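Two complexes come next, and they have one chain in common, chain A, joined by chain B in the first and chain C in the second.
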Partner chain A sequence: MTVTARDKGLVACRECARVWPADHTHCEVCGNALQSRDTQSLQKVWAWWIAGIIAYIPANLYPMLTTRTLFHTSEDTIIAGALDLAAHGAFGIAAIILIASVVIPLGKFFAIAYLALAVRRGARWPPGRQYILYEVVEYIGRWSMIDVFVVAILCSLVQLNVAASITPGIAALTFALSVIFTMLSAQSLDPRLIWDRIETQDTKDPA
Partner chain B sequence: MSSDIPDIPQTGQDRRGLFAGAHWVWLVPIAAVLTAVWVALQAYNDQGPLVQIVFDDAAGILPNETELRFRNVAVGIVEDVQFNDDLSRVLVDVRLDKTVAPFVDAEAAFWIVRPQVTTSGVSGLETVLSGVYIEGTWDTVPGGLASLHEANDRAPLITTFKRGTVIELRSTRAAGLSANTPILFKGIEVGRLGEPTISVNGQWVSAPAILYEPHDQLVTTATRFWDTSGFSLSVGPSGASLDFSSVASLISGGITFGTLVSGGEPLRAGLVYEVHPNEAAARNSVFEGSSGAVVRLTLIFDDNVSGLTADAAVEWRGLRIGRVANVSGIVDPDRFGDSRVRLLSTVEINTARLGIDANLSRSEAIDFLDERVVEGLRARLVNASLLAGGLKVELITDPDAPSATINREGDPFPLFPVTDSEVSDVALSAEGVLERVNALPVEELLDSAIRFLDNAAALVASDEIRETPGEILGLLSDARGVIGSDEVQALPEDLRVLMTDLQAASADVRGLLADVRDAQAVDRLLAAVDQVGLAAASAETALDDLPDLTERIATFIDGANALPLDALITQATDFAREAQILLSSDDIRAAPGAVVQAFDELSGVLNDITEANTADQLSAALTDASAAATAVEEAVAGLPSVVERLDRIAAGAEEVELDTLATELEAVLATASRLFGDASDADLPDALAGALAEAEAALAELRAGGLIDSANATMSSAREAAAAIETAADELPALANRLNTTLAQAQGTLRGYEEGSAFSRETLRALNEIERAAKALTDLARTIQRNPNSLILGR
Partner chain C sequence: MKDTADPDLDTLIACPKCDALYRVGVVNKGDRARCERCHTRLYTRRRDAGLVIITTAFASAVLVIAALFLPFIEIRRLGFSNAATIVDAALAFYGGPLFGLSLAVIALIIALPLTRLVLTIYTLTPLVLDRKPWPGAKRAFRFSEAMRPWSMAEIFVVGCAVSLIKLTDLARVEIGPAFWMFVAVVVLMAVQNMVMCRWSVWKALDR
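This part shows the complex of A and B:
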C-alpha cells in the first residue's frame, strides 16, 4: 500500500522540499508556486520535444565545423566527421562523437517520449524503473553539450587568420538548441505523474 | 480517502478556447518550424538554375567544392560530377548564381583553369593548392539560360575582356604555329594564336588567331604573316645581319605581319592567311601570288638520290612554279621489274604560275601539261645549290626524249614523265681530290727534296765545282783568243785564196791537157806501140813460143785502140772552140792587162809545172818504155825472164787505167766546157777578173809562203787551246761522276714516288734531262780529249 502526499492532503515544494497542506498555493519558505500535479507538464514536454526534434534535423544535415586551411575549405557534418575519423582509424574518437552527438540525443528523445507516453497511457515498465530512466535523462542531458563545447573551444583556439581557421557551422547552433530543448523537455516532465500510475495500478490490483 | 483530497483549483479552465489550456511553450516549436520553413523557402528562392557542362576530362573537379568563376568571381559551384550513358563524357552539374543565369546563354564558354607553365608565362598558379576551378565567359547581353554547354579544352581566344577578330592562320610547317603564340606588331602583342590543328588532308597546320581590338584594323586582305620565332642570320652583299624580334619570341615563337602592298580589303572574321617562314618569303609571296589551282603530280625517279626533301622547289625555266610536297621511296617489282628503291615524290604545281588561266579545272591544267609533255617537257632532278647540296625538281623541254604522256591513272596522282637527272656530287669530287692530295707523300717528298738540296749544296760547295767556272772561263777566253787571233780571222780569207788557187790549178790542168795534146802523147804512145809491135814482131820472129805475149800485147793494143780518143779530141775541140768564143768576147779583150798578167802568172806556174810536167814524164816513161821495148827487143833472144818481165810490164800497162784516165779527162773537159759555157754570161768577166786578181794575190802569197806561216801559227794556237781544253777536260770526268752520283741519288729518291703524279713525272723528266746533259758533257769532254781540233772544226 503506497501512500502519496496527495492522498494525505499535502503538497511538497519542488524547490525546498517543504511539505505544505494542499490548500497552500505558494510555499511560504521559498515562495515557489505549489502544485500537487503539473497539469500542463505533458504539454510542455511535447512542445520542447518537438522543438528539439526540429532543431536536431538541421544539426545533422548542416556542417558542424567549417575548417579552412590555406586554400582548402572543408565542411563536415557530425556524422560525416565521425565516419571520416573512423575511416582514418580513430574509432575511439569516432565512437565518442557518435555516442555524444547521435546516440545520446536520440536516446533522450526516445526516453522522453516513452516517459510522456507512459504517464498518459501506462507502460510495461514499473514506475520505479521509469523514474530511474527519468533520472538518467535528467543527469545526462547536460553532457550532450560536449560537442558544442568542442566546437566552441576549437573555434576560439584555431584562428590562425590566413593559414587556417575553424568556424562553427550552422549545425553547431541548431545542435545546441536541440540539446537545450531536450533538456527543457526532460525538465518539463513532472515525475510525480509517474507515481500516479502506481496508484491506479494499486487500485486496479484489488479490483 | 479520496474525499479528503482537497480540490486543486484548475486555473484557466474558465477561459477555454481554441488554444485553451495550451502552454506558451508551444510557441517554441512553432517558431522553429516557421524558421525552418522560412529558411527553406529562402534557400529555394535564392537557388540559381542548374546547368550541365560536358567535359572530356574533369580532372580536379570536385562536387560542392569546385567553383565556377566569371572574371575570377565565384558565380556557381559544382553540384555533381557524373558520366554520360556510354561513359564517353563527363557531365558536371553547376549551380549558377541567380544573378548571372540569364547571361549564360548558348554563346557561353567554359574551361578548366589549371596551373600551366608555358614558354609564354605561368598561369593558374593559385590552383596549385586550391584545386582547379571552372572559368566561364559570356557576353554582357543576357540571352536566356542554356542549360547544356560543351566545355572547351582551353581558354577561348575571345573572352569578355579580350575582344577582337578571329582569323585563321595556316602554315605548311608546324614550327611557328603553336598555341598561345603571340602575334606581334612592331614588338607589341596584338594577337594570339589558338590551338593548332592539322588539316584533313595533312597538308596544312592551321590555327585560329585573334587580333585584339583595335589592332585588327592593321590587317587587310593584302597583309602577309610570317614567323619571327628564333632568329635569322643572313649574309649578303651588304654584310651579315642577325635578326630576332624579341627574346620571348625566341623561346615561344612569334608571328608578325606586315601590309606590304596597299589596296587590301578590311579584315573580316574567318579570313585565312598563310604564315610564311620568314619576312623575305612573305615579301616574295606578294609578287608570286598564290591564287590558282594546285595540280598534284607524282614523279618517280630511277635514281635513288638523297637530297630531295619536302618543300624543295619545282622550277620551270628558272621560275618557281611549285613545291615538292613529300618524298618517299617505292619498291614495286611487278611494275619496274626489279626490287630497286625508287624515289617517289609528289609535287604541287601552282597553275597560276605556269601562266595558264587560274580558273582552269585540275583536269584542264593536266591537259595543258600533257600537251607540253608531248612536246618534250620532262622533269628531272638538279642540284639546288652547289654549296648546300640540296636537290630540286626542274621541268625541261627535251625534244629528243622518247615520247611519253602523263599517266592519269598514276597512284596517288597523275604520273609525270621524268628524264635523266643532272646531279653532280660536288662534295664527292672535292672529297676525292682532297683524298688524293692527302695521299700524296708530301712529307717524304719534302725529305727527299731536302736531302737533294743538301747534296746539291754540298756539290756546289765542293772546290771542284767552284773551280769549274774559272776553268770554263779560262777555256772560253782561250777559245776566244784562238778565234780572235789574226790567223784564225785570216782563215776564211786564206780559204778563199786557196779556192782561187784551186781554180787556177784547174786552169793549170787545162793547160796540162793542152800540153798533153801538144806533146802528142797519143802519137808517142802509138809510136811506142809501134815499137812494141816491132819488138813483138821481133820477139815473134825470135820466139814462136810466145803466143801469150802476143795475145796480151794485142789485147793491150786493142784496149788502147778502144780508148775514146775521138771523143776526147772532140771535147778538146769543143773546149777550144768555147775558149775561142770566150776569148773573142769584148769583155775579155777589155781586160787584157789582168788576163795578160794572169796568164803571165799562169804561164809562170805552168812553167813551174811544166818543168816537172807529167806529159814529159809520160813521154819520158814512154821513151823509157820504148827504150825498154828496145831493150827487150834486144834482149829477147834467150831470155825468158825478159818475157816474163815484159809480161808483167804488159800486165802493168794493162793495169794502167787508161779507161779511167780518159773518162776523167773527158769529165774534166766537159766541166771545163760547161764552165766556159757559163762564162759566156755577162758577169763572168768581173768574176773572172776578180778571180784572176785573187788568184794572183794567192799565188803571190803562195810564193811568199805566208799561208803556210799562218797555218802553222793557227795550228800552234789550236794546239795550245787543245792543251787547255785537255786540261779542263781532265776535270770534267770528275764533275760528270759527281753529277752522275747526284742524279743517281735523285733518281733513286724519285723512284720511290708515285709514278702517276705529274710532279714525279716532271721531276723524273728534268732529272733525265740533267742526266742526258751530263752525258753530253761527258761525251763532249771525251771528244775534246780525243779530238781537240774539233773545237776549231766545230765537230
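This part shows the complex of A and C:
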C-alpha cells in the first residue's frame, strides 16, 4: 500500500515536491502556498467548466472566418467550414478541423465532468485509469488553441486586395475563451483527490 | 517507516500529482525516479543538464527574436502577393472588436515563450557556474513553471502547417525562413523540457 504525505501528517509542495509538517502554510524552499488537498478544487473546476461551455456555444453558432474571393463571399462557422472542405474533397483537413474544434472540446467537457463527479461520488473506473484520463485532458487541452492560430495566420496572410481576403469572425474570440476556460477548469482539479479514493477503497465504495 | 517529524524531511519527496511519499534515492535506485503508482517523473539527476538547458534556451531565444521579423508564409494569387511575419499573425485581430484576441495571441506565441526562456537562463546560469542564485531566482523559476502550459509556440507551428494545407487550393504558398526557425525552437524546447528536473533545480536554488 502506498504511503502518502498526508498519512504521515505531512503536507507536500506541488511545485518542488518537498514535504513539511502539516501546519506549514507556505513552502520554505519555493514559497508556494501549501495545502494537503485543495478543498475548493471542485468548485473552481465547475465554475470554469460552466464558463467554458457558455463560451463554446456562440463559438459554434457565429462565423469563424469571412472569406472574400473575386466573385464570392462566404461566412463560415467551424462546422460549415469543415463540411465545405470535405465537399471539395479535402477529407483529411476537414477531419483535422472537426477533431480539433469539435470532438476534442466536447470530449474535454465530458472528461472533466466525469472526473469531478468521480472525485465526489466515486466511479467505476479505478483511480489509475481516471488519472490517465486527467493527464490526457491536461495534455490535449492546449492543442485546441490551434484553430485560433490558424484563423490568425489566415487573416494576416490572405490580404490580397480583390483577389482574396479573409477576416476573422466573433467566433474566433469565444472559441479562444472557451479553450482558456476549459484549461483553467482542468488545472483546478487537484489530482491528489483522484488518488484519495484508493485509500478509502479497501471497503468497497457505495457508488 | 518511523515517525517523520524528525529533521530529515529533506530526504523525503512527495509525488506532486498523487501525494505518494518516497525517500530520495530509495525509489528505483540511481538517478531517475518515477512515482510507482502514477508514473509522474519525480527527478532525473543529470550532471550536464544545466548546461544543456542554458544553451538550448539561449539558442531558442535568439531564434525566436530573429523569427519575429522574417516571413513564415508567403502566398501568391492572381498577381497579388503577401508575406506574413509572426507579428502580423499575432496582430491579425488588431483594431476591431477582436483586439483582446490579438493581445492573447501575442502573449501565447511570443511573450510567454520568450519570458520563460529568459527566466530559465536567469535562474540556471548562476547554478551552473556554482555561484549563489541571483536575487529573485526562486520567484522567477516559479513563474516560469506556472506559465509552462500557456506557452504555445509548438501549437503555433502546427497551426502554420494546417493553414498551409488549407491555403493550397486558394493560392500558391511558400514557406518562409521564420517557419523553419520556429520548428527548430520547438525541437529545442522539447529537449529542454526532457532534460529539466524541477526537483534538482529547487534543491540547488535552496542552497
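List of remarks:
As a convention for this text, the second predicted complex is superposed on the first by the 197 of 207 C-alpha atoms of A that agree within 3 Å, B and C clash if a C-alpha of one lies under 4 Å from a C-alpha of the other, contacts with A are read in each partner's own complex, and residues count from 1 in each chain.
In the analysis below, a contact is a pair of C-beta atoms (placed from the backbone, for glycine too) under 8 Å apart; a residue touches a chain by one contact, two chains touch by 3 or more.
Not measured: the values here are computed from a predicted model.
When both complexes are overlaid on chain A, the residue A:K44 reaches chain B alone and has no touch with chain C.
In the superposed pair of complexes, A:L61 makes contact with neither chain B nor chain C.
Using the contact criterion defined above for the overlaid structures, shared-chain residue A:A87 touches neither chain B nor chain C, since it reaches no partner. Of the two partner chains placed by the overlay, only chain B lies in contact with A:D23; chain C stays clear of it.
When the shared chain is aligned, no partner comes close enough to touch A:L117: not chain B, not chain C. When the shared chain is aligned, chain C comes close enough to touch A:Q187, but chain B does not. Touched residues of chain A were counted for both chain B and chain C, and C has more of them.
Contact with chain C, but none with chain B, is seen for A:R14 once the two complexes are overlaid on the shared chain. In the superposition on chain A, A:R6 makes contact with both chain B and chain C. Looking at chain A, you'll find residues 6-9, 21, 36, 70 touch chain B in one structure and chain C in the other. For chain A in complex with chain B, the residues that touch the partner chain are 6-9, 21-23, 25, 35-37, 39-40, 43-44, 47-48, 50-51, 54-55, 57-58, 70-73, 177, 181, 184, 188.
By the touch criterion given at the top, residues 1, 4-5, 9-10, 12-21, 36-38, 42-43, 73, 75, 77-84, 88-93, 97-98, 100-101, 104-105, 108-109, 138-139, 141-142, 145, 149-150, 152, 155-156, 158-160, 162-163, 165-167, 169-171, 198-199, 202, 205-206 of chain C touch chain A in their complex. Against chain A, the residues of chain B that register as touching in their complex are 1-2, 4-6, 8-10, 21-23, 25-26, 28-29, 31-33, 36, 65, 126, 129-131. Interface of chain A with chain C (complex): residues 2-10, 12-21, 29-32, 36, 69-70, 85, 88, 90, 92-93, 96-97, 128, 131, 138, 141-143, 145-161, 163-164, 168, 170, 172-173, 176, 180, 183, 187, 191-192, 194-195, 198.
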